[in-house]
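Can you keep this structure in mind? I'll have questions shortly.
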Amino acid sequence: MAQYLTLEFIAMLTGFILIIIGLWGMITQKNLIKLVIGFSLFDTGLNIVIVSMAYVKNSTAPIIDKAVDVSQAASKIADPVPQALVLTSIVIGLGVTALMLAYVLRMYREKKSLDINSYTDLRW
Amino acid sequence: MIKKGLLLILLVGFVAVISGLLINFTGSNELNPLASYYAEKGPTEVGAANLVTAVVITYRGFDTLGEVTILFIAAAIVGFFLKTMNADTNRPLRLRKTSEILETASTLLVPTIFMLGAYIFVNGHLTPGGGFQGGAVIATGVMMIILARPASQFNHKLISVLESISGIGFVVMGVLGLVLASGFLNNAFLPLGKLGSLLSAGAIPIIYVFIGIKVGSELTSILDSLKENQNEI
Amino acid sequence: MVNPIHIVSIALGVAFALGFLGKREKLALGIVYTALAVMLAISASWLSHFWGNVTEPIQIFTGGFKPPFAINLQMGLAESVFTLLINTAGLLGAIYLANELLKAGKNMMIVFLVLVLGLNVMVMTRDLFNLFVFMEIQSIAIAGLVILNPDRKSIPAGFKYVIATGLISSLLLLGTVFIYYFGGTLNIDFISQESLLYVKGGSVAIFLVLLSIVLELKPFPANGWALDVYEGAHPGIGALISAASATAGVFVLDKLMVFGNFTFFNAISIIGAITFLGSNLLGIKQDNTRRLLGYSSVGQIGLIMTIIGLKPYLGENTKFIALAILLSHYLAKAGLFWLAGMVNADKLKDWGAIRGHRIYLFLMGTFIFTLVGFPPFPSFFGKWQLVMQLANNHHFWLLAIILIGSFFEGVYLFRWLGYAIKWDEVEQNYPKIKLNQFIPTVIFAVLAYALGFYFGELSGYKSTFIYMAAAFIAFLYIFDFLPVFVKNTLAIGAMALYYFANQDTFHGLTSIFFIIFVIGGIITLLAGYTFKGKRTGFYPLVMMMFAGLIGLLEAKTTLEFFFAWELMTAGSYFLIIRGKKSMEHALSYILFSVGGAYLILSGFGIAQIGHTGMGLDVLKDVHYYAPIAFTLMAIGFMTKLASIGLHIWLPGAHAEAEADVSPMVSAILLKAGILGLVMLFLSMGPQKLFGIDVLYVLSWVGVLTALMGNMMAAFQEDAKRLLAYSSIGVLGYALFGLTMMSHLGWLASLSIVVTHFMFKSLLFLAIGGVVMRTKTKYMYQMGGLIKQMPFSFVSVLIGIIVIAGLPPLTGFGGKWLMFNAIMENGWYFQAGIAFFAGVISFLYCFRLIHTIFLGQPKDELRNVKEAPFWMLVPQYIIITILLVLSALPNSMLKPIGQILLNYFPDGALVWHGQLAIGPYGYWNGKLILAIVTIIFLAVFAWLYIINRKAQKVKQFNIVYAAERPFRPETTHFAYNFYAPYQKALGFLVAPGITNFWDAVSDGAHAIADKIRSIYNGNGQTYLAHILGFTVIVYILMNGGF
Amino acid sequence: MEFGIKQILYLLLTLFIVLNYGLILQGIMPKIAARVGRRYGIRWYQPYLDLIKNHAKRSKITHGVMYYLGPVFRLTGGIGLLLFLPVIYGSPVFGNLSFAGDLTLVLFFQFFGVLGMALGAGESGHPHSAIGVSRGLSQVTALELPLTLGVISIAMQYHTLNISDIVAAQQGGVMNWTIVTNPFAGAALMLTFLGSMGRAPFDVVMAPQEIPIGPPTEYHSGFLGVLQLNRAIFPVAKLILFMNLLYGGATSWPELFIKTFFIYLWSVFVGVAFPRFRVDQSVRWFLGVPLLFGIIAILLI
Amino acid sequence: MSILLAIFLGLVILVLAITAIYHKNTKVAIIATGTVGLFASVLYLLLAAPDVALTEASIGSGLSTIIFFYVLNKIRQSND
């Protein structure tokens, strides 16, 4: 049990639960905006997961400065790769969210409804 | 209700699937070889003190190019999307009055915010932050203007020229890396300089400036597209 | 060589630069085209670099560092091919969309360009996270392009697409980062499968990555979102998604399968197969064009997934098969989407608007036949190889699923094609040809042919004959504006030329079929001179059918045989559908043909297990499952023969065809089935399936077919239908004869085959002439035509005497041989039924001649003329041959017997002049003819002496109880001619088989309808599908969590 | 086989004997039937009178070529059938033309005349003719199944389709006749024989008692004369066929007369005893009991 | 110490997330979503990722919340 009581694991658990909550929102909320919120939460959860993965026990930020010397960098810093990935992921998430919201707006204009059940013209 | 139950079962199943990832996660006690390589060689190869920046701009610069592109097309799509929507409506534009305080505050704050944004992306290779964050900050400034002066019309042309220049700049930097240095997006065609100083890390500051402008203008254009809707009642 | 990275730099540079241009949309579009063209040129130059050289792929290091420290792209042969495909689709797609892009403005041009770029990088990148980024670019760009024309359809579709791909890419990201965590790298070439699968988390990560790639490929049933996009988006975008995006997706899946172990491969092949089957099944219920194409796209990609999943079994062949099928899909689907955009018809039936437009129909036919896998298109060779390999690896279930899926695909595609060719309840409305839309479509159609020949070369298909025939067909198509007279002469000339050039090359049994196909073709073609004008499209199709038929004879390998078989089917399908009301009949014809062809194909597949060559002689030495292969092939060939149970397509197809097409399809085409059976029976001999002698079962099928065919014929009111059923019956005899596997049986069967060719051409031509003149096919509307059409009457008279097997004409020879053969073989009950059926043929024979030519003439038909001269010419040529053969039966039977001696040395006939002596009886055709003629003349002389000056009387001058009739309608006894017979035995011909097939069809529709209700149109449900798919696949793959 | 003037004379002799025999049978049989029904009946030479009368009629009309040729076909069929049969077993004189074809030929040649007649009648335009043809053909097809089975059974029994050989195998007394050695085939054949003779209960094709119906409805004068000739020859040919198949054939004319007379009597006897079938009934009937016999005959070989 | 903080942050994030999903008022839901992002960026700081924290704060919680509000406003307005 103790192995799970670490900073990174708790963070990751938070991320996973956030993913699940987001997913639940995406598949149950009929309101389009709530659906997008669900996606946004999912995304945030995913980011938390990635960042907690980057964490190495008792490490510092991957920046070489007075606190961290070049020579000891490898033993002191957190993994920069996942952090770099998260940066990308956050920006992509913003793009997707914006796109989704634009869609929501447009759909609302078509039918004056935010209920996803109103948009089932195409089926079968 | 039955449907919800089914969805719940589905979700539980999904949790069971991804729990395989979680329970095998034990954290790390040391960097993996790849990360250690970055930690050890990054400062010398790339010359950036901020290793995240080194990875983002150089080692995985190609990802960043894609990322900028995503934001770019997202902006393009949102712009197109909402533009066609506006074309549909012929209702007169009525504007809401904003408070004077907001207007005055924005006049004072906006230059500062822009400065802050510029600072963040210029120092991206040294301190936390960079083009994205800086660009976002600039966009925030733009938002303030929108809030304060709903009637103000942005110079679309300017935004799109900025967007283009910075985008092409980024690509040109990449090609220069290919032509002058060891590969596309390599930053070493400019002197790497002294680690930790502002003018170091080769082309990274320049690239980050381009990214900053680009992200800023892209986010601005998204906000701008939304704004045009905002004011129309 | 230009560095491939410039594909990226040019695309992005141009995309970013478009911002400078302001409102100059045309200039922007021009620049986009240039960029796409340069990208195309780059990938083409790399393809030419790698082509034929075994060069290692080159690596492009971005960031300037070697992997795994930086992202690298790879450009090799495969990458160059795929990027070339993507860029071609991109450039042509952009050209196609020129107007829409101009209208939408440069934002959409940017998105379009970036989409093509994203797809390129997806193919080239070797980094997992980079792959994720560019897949996101792809999804977002597509989501943007969906709303190229924002409306009620496209916007919700786009939204569903965004949320679904959002979820999928999140899963991909989750898997990717955990691969990094467990594997320590993101570079595909450095991720070690073993170390990842060692940890449970690692295997889950791999699972998530691969599954999300699979989900991107729209597996059934988690693909509702994709179908909506296909339906809602502009067809030009649909083309791009279906062709370019799926192409890239397939490549990515293949690239990432290096992580997968055996379980993954199996899972993917099963998912793919289910997708293929499922979406094609649902397709049959679909009546919206674009959604139909969506179902078809999804299905095709499923098929390719299966192939990728089968890589461990297929080995080196994977590349060939997957590429063949992928390319066909790529060309055909893009082409069809583009066509859909041009024709702009939502419902399938609205496609009737383009009926009669030869260019549109040519394009559409090309693409549809490409999709279904007909020769000469790449998919034909791909499917062939796939079936062979599946059989080799004993994947029979998969084989069955794939063939059934293909069949369903055929159902809806051919129905659609049928509507476009024939549906006449909508107004004819040819869309104006816009060059920017038209040229890309034509290019793809041409590519389909070109690649077909290339893939043919690759798979060792080389038939100079077919190539020459193809050239001739193309020639006829191009010169279709010539008058009938010229084209007919050309066609006959070509056939005659072929005959004289090759008359010595065919020996043995094939020479019989050679004569039927070629000479028969020439004779029936003579009737073509009847037609005036241009007869648009007729001659290429006729030549296609005959090329197929002759190709069967020329075939040395199973592949060549099957190629020719399918060619013949395609040609005859188009010929049949030319008839007036033949849409649905042509459909059922092609469906039965395709079904039969698949059975033959799987039979070939099973037969060649363990062989290296594909020669037709593999059938002589089948290592495994010989009885099953035998049965499959036999049923396949019997489909063409229209044996009982498989016959329901024939009557309509033959009856509704044009006057001179009916004799071709009925008298000549059906013989292809006999040829197949001859080949099959000779090579494989008798087989026991589950302890039952298959041939014995087939003998019953044969006689029952004869019985049912003849009885149904007796009950028809439609003259051509009557003849069609009669063909079923006669070929039942032929089948029966073959199943006896004895000299006499085969002699009987082959002589029936030859005479059937003659009398059925004769009758169909004669009746065709009558129908041309009277404008009706219903016999009860005719009557008394002997006075107007005496020559046709004589034709029919001779025809029915032969068909009924009455001495003294040659038809009797077949019956006599059959009797002897049966006695020898000991199949007495079959014999009884066979002869019962034989007598029933009197019923329809008499009905045919009586109700048309005898009895009371109708007022409205009093002025009809004799059939056209050129319809009569072939008839009288045939009559001459028939009379010669009647007088000299050994001139036909002796050579056939001689040939048969090679295969069945025992039990041959002994000939003394024209006297044939069999094991049981004897028969002297010449003498009988002489005797009968003499008696006939003597009696005639006697009657003439006592009755010299008989007075000719008027129509109604007949003895009639008390009153004279005055209306021919009430006096001509023709309708329901055999009422008492029907009352007594009609139950035997209750439409049980038709009902059976109807039930099968209804069942399939009902199942499809039920299943497709899962696509309820709600985006959230689609998300749930994706989750459910993930969970279920995971459980099935791991047997739990 | 020598084929000279002598053979032709022999053929004509056979024809002449059979014609007269047929006409006399035509006269006697109705007489017997009438006497059974306690009526007086026709004179035994009435058929001769009819024949002469018809040939002598002066009004002759025709409906067309086929109408004219119908009777020709019909009589050709009758004469041909007779001539393809070996009439007297072992006689080189009356073996006729049986060397040209075997049992199969005979069975199929029966239909030659039928078809021609039907065509001729068809051209007359009289609906009753067509109705009669339709009925006739229906009935004939139905009896073909048991007939074929019976014939196959016999052919298998003797391993030949050669009629002369079949007759030869039956020589040497009643116990060698097929009707004794293969009773089921015999029964099947004798039942189908009833139908092929076109007498009651299977005579709805002609319906001779009521309104005239059947193929010859429109025929008269010389045409009818020719048909009458056939009506004399054709049944006798059939009788000879059945005699050859079942009753050991005939080695002399008297034997032939006696055997065929009794075979004919059998059909008359049944006709008197049973009411007429409708066509659909007779079709079903033939596919009942006779078919059963045929199947048993096959099974017992 | 940091573990306790992380647990606290995690709980707050989850509560906010559930609020975001289930709160009837969309405005509140959006604010809750933005706050999730803010607390997440604090968590990132704990996890030695200042770059990410900055990005999440400015983009993930800042800009996207603004976009949400814009859209919501727009929808509200066109409801009138």
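Per-chain residue numbering starts at 1, and chain names A, B, C, D and E are given in the order in which the chains are listed.
Rule of thumb we're sticking to: contacts are C-beta pairs under 8 Å (C-beta built on N, C-alpha and C of every residue); 3 or more make two chains touch, one makes a residue touch a chain.
The structure displayed is predicted, hence computed values, not measured ones.
Engineer: Can you name the chains that touch chain B as well as chain E?
Structural biologist: In this structure, the chains that contact chain E and also chain B are A.
Engineer: Starting from the defined contact criterion, work out which chains touch chain A and chain B both, please.
Structural biologist: Where chain A and chain B share a partner, that partner set is C, E.
Engineer: Let me check something: if the centre of a chain is the mean of its CA atoms, which chain is farthest from chain B?
Structural biologist: It is D.
Engineer: Averaging each chain's C-alpha atoms to get its centre, pick out the one most distant from chain C.
Structural biologist: Centroid comparison gives E as the farthest chain from chain C.
Engineer: Give the identifier of the chain nearest to the protein's overall CA centre, each chain being represented by its own CA mean.
Structural biologist: Centre-most chain by C-alpha means: C.
Engineer: For chain C and chain D, let me know how many angstrom lie between their CA-based centres, rounded off.
Structural biologist: Each chain's C-alpha centroid was found; their separation is 53 Å.
Engineer: Centroid from C-alpha atoms only, then distance chain B to chain D, rounded to Å. What do you get?
Structural biologist: About 106 Å, centre to centre.
Engineer: Find the geometric centre of each of chain B and chain C from their Cα atoms only, then give the gap between the two centres in Å, rounded to an integer.
Structural biologist: Here chain B and chain C have centroids separated by 54 Å.
Engineer: For chain B, give me the residues that contact two or more of the other chains.
Structural biologist: 7, 10-11, 14, 18-19, 21-22, 25, 32, 34, 38, 50, 52, 59-60, 63, 66-67, 70, 73-74, 77, 81, 85, 128, 130, 132, 222, 229
Engineer: Mind pulling the residue numbers of chain D that touch at least two other chains?
Structural biologist: Touching at least two other chains: none.
Engineer: By residue number and range, which residues of chain A touch two or more other chains?
Structural biologist: As it turns out, chain A has residues touching two or more other chains at 6, 8, 13, 19, 23-24, 27-28, 43, 53, 55, 61-63, 77, 81, 83, 85, 87-88, 90-92, 94-96, 98-99, 102-106, 109.
Engineer: Kindly provide every pair of chains that touch.
Structural biologist: A-B, A-C, A-E, B-C, B-E, C-D
Engineer: Which of the residues in chain C end up touching chain A in this complex?
Structural biologist: Residue positions touching the partner: 129, 133, 136, 140, 143-144, 147, 150, 152-153, 155-160, 162-163, 166-167, 170, 173-174, 177-178, 180-181, 186, 224, 227-228, 231-232, 285-286, 291, 1012-1013, 1015-1020, 1023-1024, 1027.
Engineer: Using the touch definition up top, name the residues of chain D that touch chain C in the complex.
Structural biologist: Within the complex, chain D contacts chain C at residues 55, 59-66, 68-69, 71-73, 75-76, 79-80, 83-84, 97, 99-105, 108-109, 111-112, 114-115, 118-119, 122-127, 130-131, 133-135, 137-138, 140-142, 144-145, 148-149, 152-153, 155-156, 159-162, 211-212, 217-218, 221-223, 225-226, 278-281, 283-284, 287, 294-295, 298, 301.
Engineer: In their shared complex, at which residues does chain B touch chain A?
Structural biologist: Touch list, chain B to chain A: 4, 7, 10-11, 14-15, 18-19, 21-22, 25-32, 34-36, 38-40, 42-44, 49-52, 54-56, 59-60, 63-64, 66-67, 70-71, 73-75, 77-78, 81-82, 85, 88, 126-128, 130, 132, 195-196, 215, 222, 225, 229.
Engineer: Considering only the defined contacts, which chain C positions touch chain B in the complex?
Structural biologist: Going through chain C, the ones touching chain B are 3, 5-6, 8-9, 12-13, 15-20, 22, 60-65, 68-71, 104-105, 107-108, 110-111, 114, 117-118, 121, 125, 127, 129-130, 133-134, 136-137, 140-141, 143-144, 147, 150, 174, 178, 181-182, 184-185, 199-205, 207-208, 1024, 1027-1028, 1030-1031, 1034-1035, 1041.
Engineer: Quick one: which bits of chain E touch chain A in the complex? Just the residue numbers, please.
Structural biologist: For chain E paired with chain A, touching residues are 2-3, 6-7, 9-10, 13-14, 17-18, 20-21, 26, 29-30, 33, 36-37, 40, 43-44, 46-52, 55-56, 59-60, 63-64, 67-68, 71-72, 74-75, 78-79.
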